[in-house]
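Across the two complexes that follow, chain A remains constant while its partner is chain B and subsequently chain C.
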Partner chain A sequence: MKPKIGIFGLSGCWGEQIAILNCEDQLLDIIGAVDIVDFLGGSSVNDAESRLLVSFVEGSVANAREEAKIRQIRERSDLVVACGSCACFGGVSAMDAPFERPKVIETVYGSNGPIKSWDIGPHRPLSDFVKVDLAIPGCPMETTEFVRAVSALLNGDMPLMPTYPVCLECKMKENECLLVQRGLPCAGPVTMAGCDARCPSHNIACIGCRGPVEEANMASIEQIFGDKELPKEQIKLKLRVFAAPVLDRTEERG
Partner chain B sequence: MTRTISVDHLARVEGHGGITVVLEGNEVKKVDYNIFEGIRLFEGLVRGRAVEDVTQICSRICAICSHGHSITSLQALENALGITVTPQTRKLRDLAYQGANIESHSLHVFVLALPDLMGHPSAISLAAVAPDAVKLALRLKKLGNTVQEVLGGRAIHPVNYVIGGFGKVPTTDQLLSLKEQLKEGLEDCKRALDVLLTVPIPDFVNEPIRCAALAPEDEAFFFGNTIEILDGTTRKRIPVSDYRTFTNEHLVAHSHAKRSLFEGRSYMVGALARLTLNGDRIQGLARQVMEALKLKFPCANIVMNNIAQVVELVYSVEHALDLIQELFEAGYAAETPVPYEVKACAGAAATEVPRGTLFYSYEIDSKGLIAGADVITPTAQNFNNVEDQMRATVTQGLGAGASDDTIAQRLQIVARAYDPCISCSVHLVRV
Partner chain C sequence: MKILKMAKHDLDFFASVLPAFGEVYAPVQRGKGFVFDKPSAWSEVRMDYTRTILPPKKLLLPPRETTFSFDPDQGFTDNLAEASKPVVLFGVHPYDIYGLNILDRVYAEAKFPDPYYIARRRATVVIGIDFVPDDKHCAGSMNADFVDHGFDIFLSDIGDDYLVLVGTSRGDDIVVKSGCLMQPATEADFAEYKKRSRIRRDSYKTKLELGDLPEILEMEYNSKVWDDFGARCLSCSSCSMVCPTCYCFDVTDETELGNRAGRRIRSWDSCLLRTHALVAGGENFREERSSRVKFRFYHKQRGFVAEYGRPSCVGCGRCVEVCPAEINIITVIETIRGERDGISSSAPASA
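What follows is the complex of A and B.
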């Protein structure tokens, strides 16, 4: 019998479900190797009960309904894989706002009317609620990393994730350094590799969509950006678009 | 006696939504399209951020429309800052839109909607009985992604679009390779027509659809500065800069997404609306497909939006080929982005993305920080129209003696026909 897997989306842009569907060359092989029994985004008939070998979950947890959902997914799954930066770190919806969150909500929806009855919590990563066995970051996750993960997990293995920064991949491509040579605020030194330095290869500074690399020295990168005459509050905002909740915790631990 | 027909959680749509219909006998008391996607507050979060950072953030509103969000955001910023991009950039952006349209429409028609029409729960089960159709769909989808990848640097959440142009324009070799792939894509379009000719299109609902789309100013079908809405045979025109008098957003309790009404009534945006207003522009193979699949206007069967998407998919492959040709004829060369200086300013823009008209506007302060942002997505504009079509579906279904289960099934087909993107819709508002 083929192993059963599930694909789930919490709050987000659907980017990882689209990324999975974007594995056009491998999709039919994947369907041949596993039984996708629970995938609301792709099927109108789903089995919400049976035991799953792997659950791939995208999106952040933003309300009680989603908290219950991720706990239920954990309970029925041998392995839970957080797909994309929302699931891994909270993502863009959890980014630092220049204003307090209640003010942001009021800005968008007003202070009166239906908004009062809505359950609206902050967006949080899956690991705030359940054990996550594998995190595939990225906004969106790279399709190649997803395919590699499926292949490893089906063979009882864990895929190796990069422990080095985007800079390393960028150097291997012999790109001109945007941070040093062009003086642009590039987050490559503190961001986990795996994207083949997509942004710098297009002359665009890395914005950190794959989250912090192991032992990222945030204080140092803030200082380097500061030397480029960027206002302090803009530096914080720039570096905390994709992984603010996780960076906060690292800061607290010192 | 009161009873309810409900769909708790819609399958095969992007995002989280459900349907509740309350009936008293055969009288429809209430039709609610419930949207319970977690709210994402983008317009609030981007305030105070630098103009050069905001587009990459707004791209994250939606994965499947990310190229449309990025480019519409940039056009609003460029309009505000008072800069004009080069004709080459305009054509390259148009090319990116064709890629997005090919990808999005092939995903929706073949993976999300076709299973309904062929009696399957999913494309996965469809693949077991019609593997060639699914492979064909995946090839077309990949073609759209390749175009997006070449232009935007990534299929989802492009990295290469900046104020004034591109980080790095595609190389001539990349465009030549695209051209070859698009030519093969045209052959796949013909095969797709053969598949679709065998598929019956449901016609359980007959309810006039009020259509709106941007009026194209040149050959670029998806770009324009004027909104047109068709009321009977009258075309009303509103400049994009006045779009708020068109969208008229308001909140309802059962939805985290805002709603739109024009002159107190709902309207539809998307492929069917575009073709209803501007279908006379469609020539070539796309025209043949339109005739072969019997798409005629005005159309009162919302399910035909799927067919309108097929016609546009073919149009996009043909138009992409034309664009590459025109780029070369005009002397294609590497360009750097048009420079700009920040100042206190404001601007709006709209484009036609796969699901319909997308509006963006920004206010910028003298330091180049965002002071206000407004995003109105096609799906949000369509919600009221979906409810109107659902009401007609229930009334007409009950009138013809359909069971509640059949009606629930039809309601899902109607919801999916709009190709809703709920992720997109949950954060729209003026700040």
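What follows is the complex of A and C.
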């Protein structure tokens, strides 16, 4: 019998579920290798009960309902994989982490807005609630990394995820450096690779969508931005767009 | 070694015989930089390039290469046929040929010869060319501004002509194939060559003293400057990626979906990355960033000297060009010699 897997979305844009459906060349291989039994984004008939080998979860946890959902997913799965930067770090919707929710809602919708009726708290990464076995960051995640992960997990291995920054892949592609040669605010040196330097390869400075590398040297890159007459705070603001909860915590720890 | 000459205006005729010897790569412009690539027309080739973003190493030791594939039914299939495809690398500066000679010592002449590197090196025709140094080149100081082997043909600018040094019998085959383009060189040509050689040697704006460097590195092993460099370094690995003589690699396996077939992949690695000295169990021999920056320079300027009798740096200036934090062969050697007070811009203080 093929192993059963589930694909779930919490608070996110469904980008990862679409990325999975976009694995056009591999979809037949995927469904040949696994039984996708619970996937609301792909099927209206789902099995919400059976035991799963792997659950792939996109999106952040934003309220009690989603917290219960991720706990239930964890309960029924051998492995939980966080897919995309929302699941891994909180993502774009967690950018307001330091602000109070009612204030944010009031600013956006005015004082007559849905302040009380909205059951939405701060968006937080899955790992704040349950054990996450593997994180595939990206906004959205790269389909190649997803397929590699499925294939490795089916062989009983943990896929090797990049731990190095975007610059490594950018240099391998022999791009001219946007930061050094053109003074553009590239977040590549502090951002996790795996995208094959997608943006710098199109002459667009990296915006940090895959989250910070483990030992991001923020003090030094701020200094470098300053020396290039870029606003120093810009680099942190960039990284906060996708990984505010993680960055804020690193800062608290010092 | 045979020495001939060829008129500069005949260069495109000369180029037209090269495809018979392999797929031609030559320096072409990319953005404001240069890369070795397949030119779509010979007019694209930039004889006046400063340095390419990646060194020729990218063709002999590709950034990511599949060394072999495996399949439970068919066993192993190596990628040597792919690696043996003939290539002509045109327009290589002497320091980069020197870089290849250093890679030869590590990959071809060492205890464990690497079949993939050797296959590519054998299949690659190297046509060198001299150059005018800019302020980032320090090949002169690194004794890598002239090469006497490692190329098939070397072209030196002597005004209206190139002096053509033929280094191998394969180089001679190319000369024969290019027929009447080549003329015997005269006394006057040699005199011109010597004059220009002198000018070139004197034109290096950056001079570094290597003399007692291994000893000074020994003295400065516990110096605080490494902490300052460590505080600046982003561990981005750009310096190793672009270095013609950085040869570290990582090996990973990738499996295919739903079966146990797959491939083994070798990718460039760098001692500046956190994982370079990380071993099973989570122990890291170079946890501190400062120890990694130090390691890079000790490997290039001291470890390599002890093992191979010369530093592995060839003075190409690529790390000078790419390091966002200005940690490079010039700033490091000058700082460690006490000839420079750290790096120009205000560095974040080390803890």
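Everything that follows uses one rule, which is that the second predicted complex is superposed on the first by the 236 of 254 C-alpha atoms of A that agree within 3 Å, B and C clash if a C-alpha of one lies under 4 Å from a C-alpha of the other, contacts with A are read in each partner's own complex, and residues count from 1 in each chain.
The rule is simple: a contact is a pair of C-beta atoms (placed from the backbone, for glycine too) under 8 Å apart; a residue touches a chain by one contact, two chains touch by 3 or more.
On a predicted model such as this, the values are computed, not experimentally measured, just so you know.
Annotation for the three-chain superposition on chain A: chain B and chain C fit side by side. Within the superposed three-chain model, A:E75 lies out of touch with both chain B and chain C [touch as defined at top]. The larger set of touched chain A residues comes from B, when the choice is between chain B and chain C. Vertex at the C-alpha centre of chain A, arms toward the centres of chain B and chain C: the angle is 110 degrees, rounded to a multiple of 10. In the superposition on chain A, contact is made by A:I207 with chain B only, not with chain C. In the superposed model, A:A33 makes contact with chain C only, not with chain B.
Judged by the touch definition given at the top, the superposed model places A:Q223 against chain C, while chain B stays out of reach. Contacts of A:E100 after superposition on the shared chain: neither chain B nor chain C is touched.
In the superposition on chain A, A:E49 makes contact with neither chain B nor chain C.
When the two structures are aligned on the shared chain, A:K238 is found in touch with chain B, with no touch to chain C.
Minimum C-alpha separation, chain B to chain C, in the superposed model: 11 Å. Overlaid on A, the two complexes show chain B and chain C touching no common residue of chain A. Of all the residues in chain B, the ones that touch chain A in their complex are 9, 11-16, 36-45, 47-50, 53, 56-57, 60-64, 66, 107, 111-112, 115, 121-125, 127, 131, 134-135, 138-139, 141-142, 145, 153-157, 159-160, 162, 166-168, 251-253, 256, 412, 421, 423-424, 427, 429, 431.
Across the complex, chain B is touched by residues 9-15, 17-19, 21-22, 24-25, 27-28, 31, 36, 39-46, 60, 62-63, 65-66, 91-93, 95, 97-99, 103-105, 107-110, 113-115, 117-118, 120, 123, 139-140, 198-199, 201-204, 207, 209, 234, 237-238, 241 of chain A. Residue ranges of chain C in contact with chain A, taken from their complex: 30-33, 35, 53-54, 58, 63-64, 231-238, 241-242, 252, 254-258, 260, 268, 270, 273-275, 289, 321-325, 345-348.
Within the complex, the chain A residues that touch chain C are 26, 29-30, 32-33, 147-148, 150-152, 154-155, 157, 160, 163-165, 167-168, 171-172, 174-177, 179-181, 188-190, 213-215, 217, 219-224, 227.
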